[in-house]
Amino acid sequence: MIHFEGVSKVYEGQTALANATFSVERGEMLFITGPSGAGKSTLLKLIYHAVAPEEGSITINGQRTDSMRARHIPALRRNIGVVFQDFRLLSGRTIYENVALAMRIRDAAEAQVKAQVMETLKMVGLRHKADAYPDALSGGEQQRVVIARAIVADPIIVLADEPTGNLDPVTAAGIMRIFKDINSRGTTIVIATHNKDLYANTGRRVLRLDSGAIAGEDRG
Amino acid sequence: MTPYHFKSALAGLWKEKWINLLSTLSIAVGLFITTVGLLVVYNVNSIAQKLPDKFSITVYLKDGISQADTQRLQNTIRSNEYVRKISYISKEDALRDLKDSLKDSAYVLEGIDNNPLPASFSIKLRKDYVDPAKVKRFAGQIKAMRGVDDIQYGEQFLSSIQSIMSGARLAGLLFLGALLVGVLFVCYSTVKILFYRKADEVETLKLLGATGWFIRMPFLLEGSLMGFFGGLAAFLAGYGVFDVFLAGFSSSVPAIGYFLVPSALLLSLPAAGLFIGFSGALIALGRIRS
Amino acid sequence: MTPYHFKSALAGLWKEKWINLLSTLSIAVGLFITTVGLLVVYNVNSIAQKLPDKFSITVYLKDGISQADTQRLQNTIRSNEYVRKISYISKEDALRDLKDSLKDSAYVLEGIDNNPLPASFSIKLRKDYVDPAKVKRFAGQIKAMRGVDDIQYGEQFLSSIQSIMSGARLAGLLFLGALLVGVLFVCYSTVKILFYRKADEVETLKLLGATGWFIRMPFLLEGSLMGFFGGLAAFLAGYGVFDVFLAGFSSSVPAIGYFLVPSALLLSLPAAGLFIGFSGALIALGRIRS
Amino acid sequence: MIHFEGVSKVYEGQTALANATFSVERGEMLFITGPSGAGKSTLLKLIYHAVAPEEGSITINGQRTDSMRARHIPALRRNIGVVFQDFRLLSGRTIYENVALAMRIRDAAEAQVKAQVMETLKMVGLRHKADAYPDALSGGEQQRVVIARAIVADPIIVLADEPTGNLDPVTAAGIMRIFKDINSRGTTIVIATHNKDLYANTGRRVLRLDSGAIAGEDRG
């Protein structure tokens, strides 16, 4: 589903990812871990093409994306749901509208939007906040809105960047149950996290990054 | 354009209503100033256009010319494409005119018994031919005609009409040009500055996989609506000032009564505003690259 | 104001140079349009001011008045506060003038041997007294003087001067007023819209414990600098257009040569810009409450 | 140092804190924990007066602050260093300038600013990023800049809202060492967190919030 071959990303002299080669199978759930600044977010950004690599090839769902034409990028991104590390909620729109956006971009019918948005908000425990604006939510509530937006449109890949950084252990476990659930229905999931609890005893693959290099791989 | 885009634009306008109102008023002010400028230039121009009406050529006829010859001459001249109007002034008319113009001093003419003044034609030209070179050529043609003694026209007046008209036209065009460019620029930059802070929102929409047009649509609608309402405000202001206020003043200051306000100009303001808002938003957003 | 505030303002200007440049140019355009408006009104006004120069009163003297009486009358009139200039026109001068004005028809006067025209004074008034009511009163006083036969002045000309002047003044003031208010508003709202997106930054500074003036200072400096450079740009544009461009055109269109550009107006633009930028920023930031 | 007496905070019908009474002694290090949306951030905001309470009295450093005049608030806030949950870095300024801001607000001399900012950046491991802008930093790096800004001016109180949400365990432990260090020099510290590792086995007081109420207190 996702294949990196010798991929490197350099920001103005700062190497964020160096010669990374790895694959994620369809329907897999992969964890990425490593110290602060190791390149986890960069790796995810390369998948949804927020940044392009300096070297190497990236294949997503059978399609080469590293040197993709700009006009094909939106279609690629519509296949991917992203939990951004910095949230990226639109402050001028309600929680409902923020989550609905992911479906509107995909031209979903209004009735379907409403049903699916409300159901997803219920899953993350925020149905009662549908009409609030992001500023009126706690940090953890905002993070759950971002998670809802990432999964609401049933993308074939979900990328989650530190999705539980602002969540208490109980809520975090709830979110992980949701991820496991959609994963079991076939969605490929990649989670970048520092939180060992998320992958401990799951038996899932864990990729360790250090200073931009893949430093090892084991099972949680 | 889906109902979603429309609702989204309205919500966007409402969420930050004060700053949007400010931008709308900026556009209104810009359009209003342009309107005032257009009206000033239009009026100066229409006054300048009237100047050639006052220009005339006098053709003095030889003494003793027959009535038939006079008539023939008049017909020949009248048929010329230059001529708008030709009128005959007999010897008696000329003396009466002279007496009128002497007013109180007319008694100097009292001792005279045979009229020494010649008969003449007074010719008014079509507007387009009131031009020093053309008039000179035309005058030459007439002078060569049989029965014409002499020809006289205000060469100085003619060249000063010319100079005033071209001066007014040039100044007006420069002023209007500067005004239009300036106001378009200000409107555009108002929209651009307004949308500048949306860069983050645009970035997020792109990362979510939205296409360029999906992202642009609400902004284009917002820009168009602001422009439209700006134009509407300018229209109302223009209507208020020109039709009501000036009409009130013109009773005490008659000159103002001559000020012309073509209503088509005022009526086109909302459309102009809409166009400016729309294109301003379009340019302000620029190319949306993923 | 510490060096930090100054550096911070410069860094702020530089970090978002394009949008700041746009705002600066908006201010420049606004000031330039105002300048053009001011110049137009100034010139229309100075033309209107010259009209009273053309107004004169003619005092016809009784036939056979002695030279001493003429001299005394002239002294009396000259000492009046209304009078700017008085000149004597003898009977001979009057006849010569009449001949000149008759031009080609002057031969009608040839048979005359005794001069029927009266001597006269031509009086020019001080500008402030060229007013229908005042002139009427003044004319009455003179007519009552010994040796004066009749008095004549263009009553119609006088009232049309009046009407043109007050019309021009009113239209000019309205136009200028609208322009000034409009441009100030646009400049202010440009700065306001520009600083609107800084609301977040202001909020953060407040939460860090910064006082109102610490927060305002860099913005005031940014606004002032943008205003100043906007004014400078307007000054350069004004200089370019009026001093260079118009001078070039005036050789082909003489009327433009009479266009007056008071350099004090152009020179004050940078200061005006600075003031607008500063006060715009001050108002745009509003009260900063913790 | 900090005393809350029957403090309540209500946002448009949503009670964020209800009748909270507690004290923090001078030189203490207190942890606040509780599920997402429990009111932790609200409690901290009440201390630095980002929001005012509807009821109750708040005393900071011997001074009543709940109904304080607006013009006295900046001085209060200059006594407090805050690690905001949402970072609040100024995107237009370099890392150095972001951290220096906390000292400039306090009118520190330029030489002192430079020395202290560089030292603090070194403590959080970001000296080499001094000239970068926040956008060019990873999530965890940004969080450490916020921590540096909160402590650089030696405030008498440090409030940290989820300060390790984006940090790996090793870096988080480093940050906790810094907190312990400045706490041992007399600074009062309040940390709101979900991360049990931060307070486990420290013997410090831990305040548990639930739905805006103080649900209990124990020692880590």
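Details
In this document, chain identifiers A, B, C and D correspond to the written order of the chains, with residue numbering beginning at 1 in each.
We take it that a residue touches a chain if its C-beta (ideal position, glycine included) is under 8 Å from a C-beta of that chain, and two chains touch if they have at least 3 such contacts.
What you are looking at is a predicted structure, and each value in this text was computed from that prediction instead of being measured.
Among the remaining chains, those touching chain A as well as chain C are B, D. Using CA-based centroids throughout, the chain positioned farthest away from chain A is C. Centre-to-centre spacing of chain A and chain B amounts to 63 Å, using the average Cα coordinate of each chain. Here the spacing of chain B and chain C, counted between their Cα centres, is 23 Å. If each chain is reduced to the centroid of its CA atoms, chain A and chain D end up 29 Å from each other. With each centre defined as the average position of its C-alpha atoms, the distance from chain B to chain D rounds to 67 Å.
Contacts between chains close into a ring here, every chain touching precisely two others. The full set of touching chain pairs reads A-B, A-D, B-C, C-D.
Interface residues of chain D, counted against chain A in their complex, comprise 11-12, 33-37, 40-41, 85-86, 136, 138-141, 144, 161-162, 165-172, 194, 196.
Chain B makes touch with chain C in their complex at residues 19, 22-23, 25-26, 29-30, 32-33, 36, 40, 98, 102, 104-105, 107-109, 111-112, 116-117, 150, 152, 163-164, 166-168, 170-171, 174-175, 178-179, 182-183, 185-186, 189-190, 192-194, 196-197, 241, 249, 253-256, 259. Residue ranges of chain B in contact with chain A, taken from their complex: 4, 8, 11-12, 15-16, 201, 204-211, 214, 289-290.
Across the complex, chain A meets chain B through its residues 48-50, 70-71, 73-80, 82, 84, 88, 90, 92-93, 97, 101-102, 104-106, 110, 149.
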